[in-house]
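Several structures are given next for inspection.
Two complexes, one shared chain (chain A), two partners (chain B, chain C).
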Partner chain A sequence: MMPGFVLFLISSLTLATVYALVALALNFEAGVDGLWDLGVVSFFAAGAYAYAILTVGPPDQMQVYRLGFGLPLWIGVIGAAGAGTLVAYLIGRASLHLKHVYYLITTFAFAEVIREVLTNERWLTNGTAGMYRMAQPFKSSFETNLYPLVLLLVMVAILVVVFIALNRVTKRPFGRALNALRENEDLAATAGMAPYRYHLRSAMIAGAVAGIAGACYVWFNTVIVPQQFTSSITFVAWTVIVVGGLGNNRGAVLGAFLLILTEDVLRLFDLSSTVAVRVASARVAVIGLILMAVLRWRPRGVLPEKRPRFSRSEALVPAEAPAQGLQQVGSGE
Partner chain B sequence: MENFVFGIVTGSIILLGAVGFSMTLNSDHFVNVAHGQMLLLGAYLALYFSKLTGNFALGAIISVIMTGALGMLFYAAVYRPIKTKGPLILLFTSVGLSYFIWGIVGAVSGSQTQAYEIPAVRAIRVFGTPLITSYELTIILVAVIFAVSLHLFFAKTRQGKLIRAVADNHDLARIRGINPLRRALYVWFIASGMAAMSGIFLGMISSIDLELGWKQILIILSATVLGGLGSTYGVMFAAILIGLSMELGILILPSHYRSAIAFAIIIIVLLVRPEGLKSVVPALRGRPVESDMESL
Partner chain C sequence: MLETREVSKHFGGVKAVNGVSLMVEEYAIVGLIGPNGAGKTTLFSVISGALSLTSGRVSFEGADISGHRPWEIAEKGVVRTFQTPRGFPRMSVLENMLVFASERTTGFWKNLLAGGRLSAEERRNISRADEILSSVGLLDRRNVLVEELSAGELKLLEFARPLMAKPKMLLLDEPAAGVNPALLEHVVTYITQLRNNGLTFFIVDHNLGFIMDICDHLYVMADGELICSGAPDAVACDPNVIESYIGTKTETTV
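Showing the complex of A and B:
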């Protein structure tokens, strides 16, 4: 039997892995590409529910959902990635011709509509009562005591694979094209990059990754209810990548672990439930302060995006034109 | 009929929140997510001060003034210093500020749902059918008074014109000797005060809880988009329209979808006509400040 502290640490780290995956997804579309997406939770929720519906068994007497295929777990994960991609495609198809603030508001609105649908369509999701007894990977092969550690390792493995894959895509011509579109869409378009098609693809990649993160979230919780998919997930993911360093994958992962661990440290103390609620709120206030402070004094984040350096162009560009990360995304138009 | 009246009431509440939001958007050109939390702050300050003074109306007025003052403070301390860094930095700073306000309110008041201690009132009967309570009537009246007086303020008074001048062209206004900081502070005072009113009224017709600000900011965004970014009159009109469609929509759709209706409206409007209502109704267009909005 593992001591309480270790169990607690494992659970925190597992949650941080989920957030790191969502942050990586968001970082790809918002940091590498320049989409202001306030609805990344849509992909996350789609992935989680796709996984749940594909793998869960038939309902018991208390439940009202009609679907529950009881399929193997790996099909569930593929389904989760597929559902995330599909939702990203549909939302992107509809709203990618909008710019900046308009895009931001539309994606935000889509996320809320999706959550309302998940809450109300009980035949699909069992509503707010949720679905439970979710399948977890390799559950039967290990002892119950040891299982949290196994789950953490599985998720870290997924995180590593996703991280390497995204890093490679970022460095390939596709990723550089997204960078170019982010910096100056008109110029990139004249160089032959079709903005809409590239944006759609980057959103779909983000959708796939966030969908997988959704499946991981289900493993972590073993239950799924619509209340888990509020827009606060989106805001947390944005906080993570802004603090970690927009455009930098390592920053996204680091940010996720920092944020979840700062959040969870305070849970270690034994507090009565009324005090605990207040402490939880105060913690959010502290995170707000950190976010404001980072944006003010380190607007490019803790680990700023590395800009590629080309010796010839360096000579051409005057030295006093610094790359400004976030700032340039915003004011560069 | 009941739904229609309630739609107007809901619309009036949205109007008070959305007009303030739209004013800050026009004056500083960024999406101030923390505006939703100003509703929350106003609602809770009113709760606190009405308990303290034993008089709800007095508590509400104190709360409106205090929230307005805090709005000015937040602007001067948080947004103003980073104004040159672009709208995305400002947007996420406002997310940080939202967390901050939400966290402080939650830490002080706890997470339980609360209600104002105001006496229950009977609806006023018109031709024998109960139509509207005195609270609802007050809400509508306050919204109308504010809509009209804001119009007069911006159209007729010198200060109102100066504010519009700064919103139109910040640098030109400065060259002409207008102090932009002072105008911006007026804007933030009025906007935050109105946000407080909106929050208090929400509490009067139902109850207040910590999620109020997050829920409301999206509806405010819908009204702003539907009205067309940058058009104050368009936003007023859109607020009423959204209030009505939310309350009338539940006659057709299941009532759980009440707020989804507002969001579905934004999605449809943005997909069909991103310029919002002002592109359909020329009278709503107002002064052309859109050139700035395009760059957002």
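Showing the complex of A and C:
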């Protein structure tokens, strides 16, 4: 048996991994691009429920949901990414042609709508009673008491893959185009970029990643209920990326671990219920204090966004067909 | 090449641009002058699609472009600069250039799946950017954040950046403002050179010396309307022009 403390730590790290994924998603649309999403939880919830519905078995007598496909778990994960992407696409289609504030409003409103739907459409979600006995990866191949560690490793592997993919795109011309739109949309438009198309893509990428995070969240909890998807997830994700450093993928991951572990350490003490209430509010206060301290001393986050430096030697490949206007250019005095 | 016909832009009761018809010939350097508030910037915004027009028509290479979106017009080869440049403040000078690269490399899947550090296109774009930066004297600032540039450097970058897009026509809004005279001379040579290589310019500026030097043809606006046009030396003598300049703005008169 693993000692309680180790189990607790593993559980905290696993939750932090989920939040790191959500934070990476939010950072991509809000930090790399400049879309202020106040409802990233909708992508997350869509992903979680898509995973649940695709993988869960048929209902027992106590449950009222009709679907439950019992499909393999990797299909569930792909479905989760797809559902997150679809929700992002629908929200983006409706609002990204307009000023950015409409994206903010629409995402915020949609987060409330989707929770209502999850609560009320019981044939789909089993309502507030939720669904349980969710499939977890490699569950049957390991001893029960070792499994939490296995799950953590699986999720860290997913985090690493997602991180590498997003970081790659962030550092390359696609990410640079999003940065440019974030910095000065009118100017970017004169470069021939249609802002809407780029914003829609960045929202959909965020949707996919947050959707995958949703599937991981189901693994972590093994049950799924609408109450798990309140706007506090969005606000924690925002706090994480502001603390970590808006626009910096490493910052998003670091921020998630920093915040979630801090929060959980405060739970470590075994407390009577009256004190527990007080500590619960202290937890919010501690997060708030961390946020304030960072904004005061490191306004661009613990790991501020860094710009790539290109050395001149990297560019020594001669232009294939030099631009007409530029042949004589270097010759100036 | 570029033609506006009876173009108007009204902001409520303010007739910022009112019935302006003008023409910019291919490979020309055409100037547009006029006192503050004459409507020059507004006209540029209308041509480039940043503002919708109230009435009239804009055409480029014979095709109607009125009401087109800014990026569509940019793709056709008409790129404007901004009077108060901000650039992309938290990106480096070089990155500012690369965003405008005509060789587009921003496909998501391509970016995700390609290996290696820098693609060949990217390297070509960087060397092109370096060439352009060196010709406006910004090469050693290439890795500096744009928010750290001086006002003059920002103006130079504003002029250099769109060249990356290989446009057919550049609309420059006050490129000379705040640029030191020695560098300005260099910019004049550069603009002439670019024109000789096939670029067309439409330039707004208050620096009459600069404008007279560089332009083949000049339009003068006041209160939203064109008041005259012609060869630079002829226009300068026109009493209308002198009046509109002396009357409202003295410090920029030559």
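We take it that the second predicted complex is superposed on the first by the 301 of 333 C-alpha atoms of A that agree within 3 Å, B and C clash if a C-alpha of one lies under 4 Å from a C-alpha of the other, contacts with A are read in each partner's own complex, and residues count from 1 in each chain.
The rule is short, and it goes like this: contacts are C-beta pairs under 8 Å (C-beta built on N, C-alpha and C of every residue); 3 or more make two chains touch, one makes a residue touch a chain.
Only a predicted model underlies this, so the values are computations on that prediction, with no experimental measurement involved.
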First, second, both or neither for A:R201, with chain B first and chain C second: second
Which of chain B and chain C A:D264 touches, first, second, both or neither: neither
Touched partner set for A:V113, first chain B, second chain C, both or neither: first
Partner chain in contact with A:A188 - chain B first, chain C second, else both or neither: second
Contacts of A:E305 with chain B and chain C, given as first, second, both or neither: second
Touched partner set for A:R296, first chain B, second chain C, both or neither: first
Partner chain(s) touched by A:A285 [first = chain B, second = chain C, both, neither]: first
First (chain B), second (chain C), both or neither touched by A:R176: second
Overlapping contact positions on chain A, where the chain C interface meets the chain B interface: 326-330, 332-333
Chain B - residues contacting chain A, complex: 31, 78, 81-82, 85-93, 95-108, 110-111, 210, 214, 218, 221-222, 225, 229, 254, 256-257, 259-260, 263-264, 266-267, 270-271, 274, 293-296
Chain C-facing residues of chain A, complex: 165, 168-169, 172-177, 179-180, 183-184, 186-195, 198, 201, 205, 305, 307-310, 312, 314-320, 323-330, 332-333
Chain C - residues contacting chain A, complex: 48, 50, 69-71, 74-75, 79-80, 82, 86-92, 94-95, 98-100, 104-108, 111-112, 114, 118, 120, 122-124, 126-128, 130-132, 134-135, 142-143, 145, 162-163, 165-166, 186, 189-190, 193-194, 197-199
In the complex with chain B, residue positions of chain A that touch it: 36, 94-95, 98-102, 104-106, 108-110, 112-113, 116-117, 119-120, 230-232, 235, 238-239, 242, 274, 277-292, 295-296, 299, 326-333
